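Structure, as structure tokens:
We call the chains A, B and C, going by the order they appear; numbering starts again at 1 in every chain.
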């Protein structure tokens, strides 16, 4: 596999293409817990990541490899640092006062916390969908067009907007009211709008922080279907407190737990069917079988 | 043995039922207190009624001697001279000129300061800047008038523009602008703080810079609150008296040139009050007609501003 | 590098520059506001500091600039403030209590609220005209301290009401419910529990309202407070003048000596205001500390 350099010209000016080459190959069944990098290209990686807010340590020595074009789920009881962890991938924690990260977060083998890395560029290529849908108080069109506009995409915005809304499975529902205010949509539609908004700038990774926890079950299922569609072209990392969702949707699962000093740790990371049928750690098994959390 | 029972009965008998008389006294007391408090609240209603009736009454009797058309369209205001002319436009122009230039000066500074406080400034810096702005807001207007006359006019306006006279609309409007900057700043900042953090995070996650988040997400989202603050500030500038009485001049002057001396509606009222005009005369009652005009203008602006704030709060609270 | 990549890189650079430039503008604007305050205080101090002395505080105004003092104005201010406080505080507090604790939530109450907000925005000269018509003429109080104080009381009433309402609103509902639960009537609940808890906030608001009243000039000129008053008031029906009017008088005279007097008067006025605001802040902090306990 040829490693592409991070900021090559192709990656920078890649215009949205209709399809993507090479749909994802089927992952063969695994007998033992496998390290992802042996079976797939690793796109995102956290290496011995420690996160502090002031003096408080929120994450300790978390190391996870996220394979490309798969869905990786991060599960664990509330307060164990899942959101903090996923927000490290697109440097959203930079906006919080007192935040300090030690260790490395690698995207395409580049540490994104290095000083010379431009955080704006990182966030364009690693998109995020939040727990509570947060569309801008503008029209649906303007919401989706926001990203391309500020990132200076030339070309026809109408096409980009339609393509993004189609990919987010929202186009048919809103194509007649695309200039209406986004707040008129239902919760599930707003979340899909946020996904479309993230897709419009053609990221390579989509981070999802509990995207369905504010939605009803019907909307949740729609978004899970959407995730599986998107995983053919994008790398997806999803934080969820819903274990059934993780089992349904993801290819790989990382289990996080809070240690005694309230720092979060990743206690196990393997293929999803391994985690849910044959976990190695006792704490994982306890959590999955509902003995706590 | 026999000791136990009296204890039980005495305990129970301590909780006596309230007698009807006591209940009625308490209800009366409640009613009286409620009534007194209502009267206190009614004072505000009475005040408004009194303002409206007083101004209206005097204005109506004024308009029996002077035609409203002359008042509202005449371009000369010389009620104290002969022949007396009663066109309010020079005073109106003076008021608007000063309010306009004050707004031109204060709105950008106030808004940008608000954006800085809301989006950029670290907490320790906010804790310094906000009290400073409150102090500026608390400065009595005579002090600002003194500052306009003794510093702004000679040290800033005269060197920059080469005018020879002391009084000018520009000097006064700069001081009025200083007065309203804290108002714009604090109200706009309140509006921007009400915008939920989730919107900002959504924009940051799309790769926006802090400036882009402020300009394309926060300010548009807070816009009605921000505009309400502008209108309120202009209303304050229109109603301002002492700064203009000290620094803007004492002669009505219909002009758009800010370097000239002008007289505002408020300054005219003060001028007449200080003078010797007999209290029942037509000349004296001009201050009520002018006052009525002033009141209607500021009331209209305040109502629009309240409406905008109400609409804004509906979305975010 | 392709042309498109150069455009994109330049755009990123441009965006970065714009962001930085705007940050600088922000700091400059804020510093300007602060610098203005500094310049103002420096200028007043330079003109007036030399003139402030015990003689100055204890002399009456005179045509001779060197002999003039602010005794009459200072005492006039104190008299006026005293009567204003006596009138405005009970009425304002009563109105706030009524609106927050007793009034039913109907259109009448809403109308009263809107009315109070509007009154807060009425220009102070208009209050002067009101006072002239009602207190000076109709009630025939002439140009007395009482007429001035009543006018100022009407002026500060909306401010006190709004501040008191906010303090009352800040009292947690649990206190009200606890009082009701032990059988207190509404009056007992309000006056024995809610008001004492809200009192620090109310006090702060009152002091701030009164310090606003001290600096007001226009309404008092309109009701006929005099410019040149060589005596202190001995009864509420005496004629009077106040500090801001005295300052106004001196400012309007061209001679430099009178300008210095004006500056000295300003220093005294600002000193009074500073004292009052400091007391307000001290009380607020002290009571907040007590409440946190």
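One rule holds for everything that comes next: contacts are C-beta pairs under 8 Å (C-beta built on N, C-alpha and C of every residue); 3 or more make two chains touch, one makes a residue touch a chain.
Note that the coordinates shown come from a computational prediction; the quantities given were computed from them, not determined experimentally.
Hopping across touching chains, the smallest step count from chain A to chain B is 1.
By number of C-beta pairs in contact, the leading pair of chains is B-C.
With centres computed from Cα atoms alone, the innermost chain of the structure is B.
Centre-to-centre, using mean CA coordinates, chain A is 49 Å away from chain B.
For the pair chain B and chain C, the distance between mean C-alpha positions equals 13 Å.
Distance from the chain A centre to the chain C centre is 53 Å, each centre being the mean of its Cα atoms. Under the contact definition stated at the top, the residues of chain C that touch 2 or more other chains are 15-16.
Residue positions of chain B touching 2 or more other chains, listed in rising order: 209, 212.
Taken residue by residue, chain A touches two or more other chains at 120-121, 150-151, whereas all remaining positions touch fewer. Residue ranges of chain A in contact with chain C, taken from their complex: 9, 12-13, 118, 120-121, 150-152, 154. Of all residues in chain C, only 15-16, 18-19, 22-23, 25-27, 29-30, 32-34, 36-37, 39-40, 43-44, 47, 90-95, 97-99, 102-103, 112, 114-119, 121-130, 132-134, 137, 154, 157-158, 161, 185-187, 208, 211-212, 214-218, 221-224, 227, 244, 247-248, 251-252, 259, 262-263, 266, 269-270, 273, 277 touch chain B in the complex they form. Chain C contributes residues 1-2, 4-5, 7-9, 11-12, 15-16 to its touches with chain A in the complex. Taken together, the chain A residues at the contact with chain B in this complex read 90, 92, 95, 97, 120-124, 127-128, 130, 132, 134-138, 146-147, 150-151, 194, 197-198, 201. Across the interface of their complex, chain A is touched by residues 122-123, 196, 198-209, 212, 216-217, 220-221, 315 of chain B.
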